[in-house]
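Below you'll find a set of structures to go through.
Here come two complexes built around chain A, the first alongside chain B, the second alongside chain C.
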Partner chain A sequence: MAEKTSLFEERKKRYQAAMNLEKPDRVPIRLNFSGEFITKVAGYTFQETYYDWQKNNDATRKMLEKISDLEMVIGGANLWWAALHDAVGAKYLRFAGRDLDAETMFQYVEEPYMLPEDYDDFIENPTEWIATTYLPRIHTELAEPGSYRATAGLIKGAFGLAQQLGSGAEAMASYQRDFGVVPTITGISKAPFDTLADTLRGLSGIMLDLYQRPEKVKKALEVLVPHNIFYGMATAQGDTDFPVFMPLHRGAYPFMKMEQWVEFYWPSLKQVVEGLWSNGKRTMFYAENIWTPYLEKIAELPEKSIIFHVDQTDMEKAHQVLGGRFCLSGNVPNSLLAFGKPEEVKEYVKRLLDKYARDGGFILDAGAVILDDAKEENIRALIEAGLEYGVY
Partner chain B sequence: MSKELTFKNLPPAVCVPWEVKAKELGEIKGDAALIKKEWENLDLMGYLYIWNWVQR
Partner chain C sequence: MAKDELAGAIAGLDQEKVLSLVKERLQAGVKPMELIGNLQEGMARVGDLFEEGEFFLSELILCGEIMKEAMGLLEPELAAGDRQYRGTIVIGTVKGDIHDLGKNIVVMLLRGAGYKVIDLGVDVAPEKFVQSARENETPLVAMSMLLTSAMGTMKECVQAIKESGLNTRVLIGGPIIDDKVMQFSGADYGSTIASDATKIAEKVFKTA
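The block that comes next holds the complex of A and B.
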């Protein structure tokens, strides 16, 4: 127990030093695994961990037993408990074992669930609009508010979420106690544009809105800013030791023209990051895909307020523009982890660390979330190379 | 507008403002601050539950 506590402290110190642009004893290794990868390593089917939340939490434990040098985890394997979504009748998710075969990754069914005519209500009171219009629209069980089915569905949804979060917190505490792993993140938030464009208007809806109702989009983004700051802090339960996770979606190049990105995507995202930072909360700026054209704008954020995560952004340019201002993380290609050989992974890691980690402020990670196509031997090779070549 | 909204411009963490509830309760005979604190705590839980379906 004492040994694991000391390991936890050592890893936390290393992680925090890197985030603060210092040189720890070696480069921290942070791997952002999908639930499906963890499930595969644990030997469960996708259906088992999507539906059985005990198995979902056990899967991470099994992975930590098998890959003993892992120093950080997010929590149990999956983000979403399928049974909870059945309880409310989620139209937007397809799960293994129900609509999909037992070994197929979940699918999100994207639609413009928020309609153009909903903007005014959303702007006036988003919390009420979500509760009274959006939730019944996207959940079959809640479709007739006030009915027995809808009332039971709401109650089951709330109990289910409380159960999921409670067991997740217990599981995370047990990983920390038994393996000395530190949490990769505490809390989650989003760029306001992504909140609007992911689950509400969808990509097709928001792209039309940029031309047909740009002022409403801007007003909705403005309304979202304080909610997204608050949501990040509240889901982190006020913790400021670890970063809040911010998966960035529609801001990746080339979804938008540069002028649209500057006009619509960036201002509210900047406000959220700055708002979190004013509360002492750093953002894991998880820049999936390509963000190279936007690096100069991102450099406007307060020093150390983000960890800029590099997926397919030009690492050389990211290092030039953002290095020394923000901690960088990344960027072992997921394609290499899926289709490469262990020696190729090691070679890539060595090159990456030699070139970009020399001055500290660097965290080794894959480019994007590690899916179940990654080979376990390549993950081991990545870790081995990090331990060998990441020492300062 | 799809339907009449009950409230306008509610801040984060709030589903039903304490001020509204306090008026409905009328005179509070005991510790009003305690009742307010617990009201707001559960109101926050409701708020996070509602937003959980969107912030994903």
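The block that comes next holds the complex of A and C.
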């Protein structure tokens, strides 16, 4: 127990040193596993961990037993508890066992759930609009607000979420106690543009809005800024030891041209990152796909306020523009983890660390979230290489 | 710049002008097929602009919406057998994946280039690709994928076509296509760039 506590402290110190651009004893290894990868390693079906929350939390435990030297985890396997979504009749998610085969990854059904004519009400009072219009629209059980069924649906939903969060926190505390692992992140938030584009207007909707109602888009983004800062702090329960997870979507290249990115994507995201940083909260700027054209703009953020995560962004350029200003992470290609051989993974990691981790401020990770196609032996190879070549 | 005004309006993403020109010309008795030709010329220009890095996805999506509306005006005017195609291509996102942005852009560009495109939608099973390829006697099936985890079914889809005995080439598209993925899947062609689809189709239909 005391041994695990000191292991926890050692890992936390290493992680924080890297985030603060210092040189720890060696490069920290942070792997962002999907629930599906964890489920596969644990030997469950997707259906089992989506629906049985005990198995969901056990799955991470089993992975920690099987793959030694994992330093960080996010929590139980999956983000979603399918039973909770069933209880409220979520139209936007499809799950293994309900709509899909037991071994098919969950699916998000993207539709313009918010309509162009909703903008004014949303801007006027987003929370009220979400409660009275959006939630009934996207959940069959909440379709008629005030009805017996909708009231029961709200109770089931609130109760289910409390159950999920409570057992998740307990599970995380137990991983920390038994394995000395540190949390990769505490809390989650989004770029305001992604909030609007992912779950509200959908990709086609938002892209048309940029041409057809640009002023409304900007107003909507404005009202989302304080919400997304608050959401990041609240979901972290105020913790500032670890970064908030910010998965970035529509700002990747080539969704928008530079002028649109500068006008629509960037200002509100910058405000959210700065707002979090003024609360002492660092952002894991999880830039999946390609962000090379925007590096100079990203460099405007306060020093150390983010960890810039590299997926397919030009690593050399990211290091050149952002290195020494922000901690960098990632860049081990997911296709290599899925189709490569362990020696190829090791070679890649060695090259990556030799070239970019020398001065500290670097965290070893895959480019994108690790899905179930990644081979377990390649994950082990990545960790081994990190332990071997990452020592300062 | 496009020579024709309607083609120019498509390439300039001028929705109002496109729709009013289509209506005007239809009223003046211009044949719908000729207007489709103008729209295609504009679309080809849009494809080029995307390739040159002038246009981004936001422009392609807007262009797709404008084309949809313009075709909505033209389709009721088309008599059966009016339309002539350069060939038929079957396309879909492979089973296990429901991302359709890339696929929809490729569909738009191929239609713009004059092909008849049978769009099977998303989450398409191997046998469905084979059935449609057989029914439409197409020399080219295109498969789209975003998730790396759908790679297994992508391979099954490619193999199903290969084992069907059909003389059909397979093109795979998605952001993670590289040499390793090409080798793993056994596909004939692959690209990460939407506008490559028209070039590959040209190659395939020349020899078909």
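In this section, the second predicted complex is superposed on the first by the 392 of 392 C-alpha atoms of A that agree within 3 Å, B and C clash if a C-alpha of one lies under 4 Å from a C-alpha of the other, contacts with A are read in each partner's own complex, and residues count from 1 in each chain.
The rule we apply is simple: a contact is a pair of C-beta atoms (placed from the backbone, for glycine too) under 8 Å apart; a residue touches a chain by one contact, two chains touch by 3 or more.
Computed from a predicted structure; not experimentally measured.
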**Message:** Contact-wise, after the overlay, does A:Leu200 reach chain B, chain C, both or neither (first, second, both, neither)?
**Reply:** first
**Asked** Is A:Leu79 touching the first partner chain B, the second partner chain C, both, or neither of them?
**Response** first
**Message:** Applying the document's definition of touch, where does A:Ser189 land relative to chain B and chain C: first, second, both, or neither?
**Reply:** first
**Prompt:** So which one touches more of the residues on chain A, chain B or chain C?
**Reply:** B
**Request:** For A:Ala158, decide between first (touching chain B), second (touching chain C), both and neither.
**Result:** first
**Message:** Under the stated touch criterion, which partner chain does A:Thr133 make contact with: chain B (first), chain C (second), both, or neither?
**Reply:** first
**Message:** Quick check for you: in the superposed arrangement, does A:Asp118 touch first (chain B), second (chain C), both or neither?
**Reply:** first
**Prompt:** Who does A:Ala236 touch here: chain B (first), chain C (second), both, or neither?
**Reply:** neither
**Asked** What is the contact status of A:Met284 with respect to chain B (first) and chain C (second): first, second, both, or neither?
**Response** neither
**Asked** Just which bits of chain A does chain B share with chain C as contact spots?
**Response** none
**Message:** With touch defined as at the start, can you tell me which chain A residues reach chain B in the complex?
**Reply:** 79-80, 117-118, 120-121, 124-125, 127-135, 138, 157-158, 161, 188-190, 195, 198-200, 226-231, 234-235
**Asked** Within the complex, which stretch of chain A touches chain C?
**Response** 36, 104-105, 107-109, 203-204, 207-208, 210-211, 254-257, 260, 289, 312, 334-336, 338-340, 371-373
**Message:** Under the definition above, what is the set of chain C residues touching chain A in their complex?
**Reply:** 13, 53, 55-59, 61-62, 65, 96, 98, 101, 123, 147-149, 151-152, 175-176, 178, 180-181, 184
**Message:** Under the definition above, what is the set of chain B residues touching chain A in their complex?
**Reply:** 1-3, 5-15, 44, 47-56
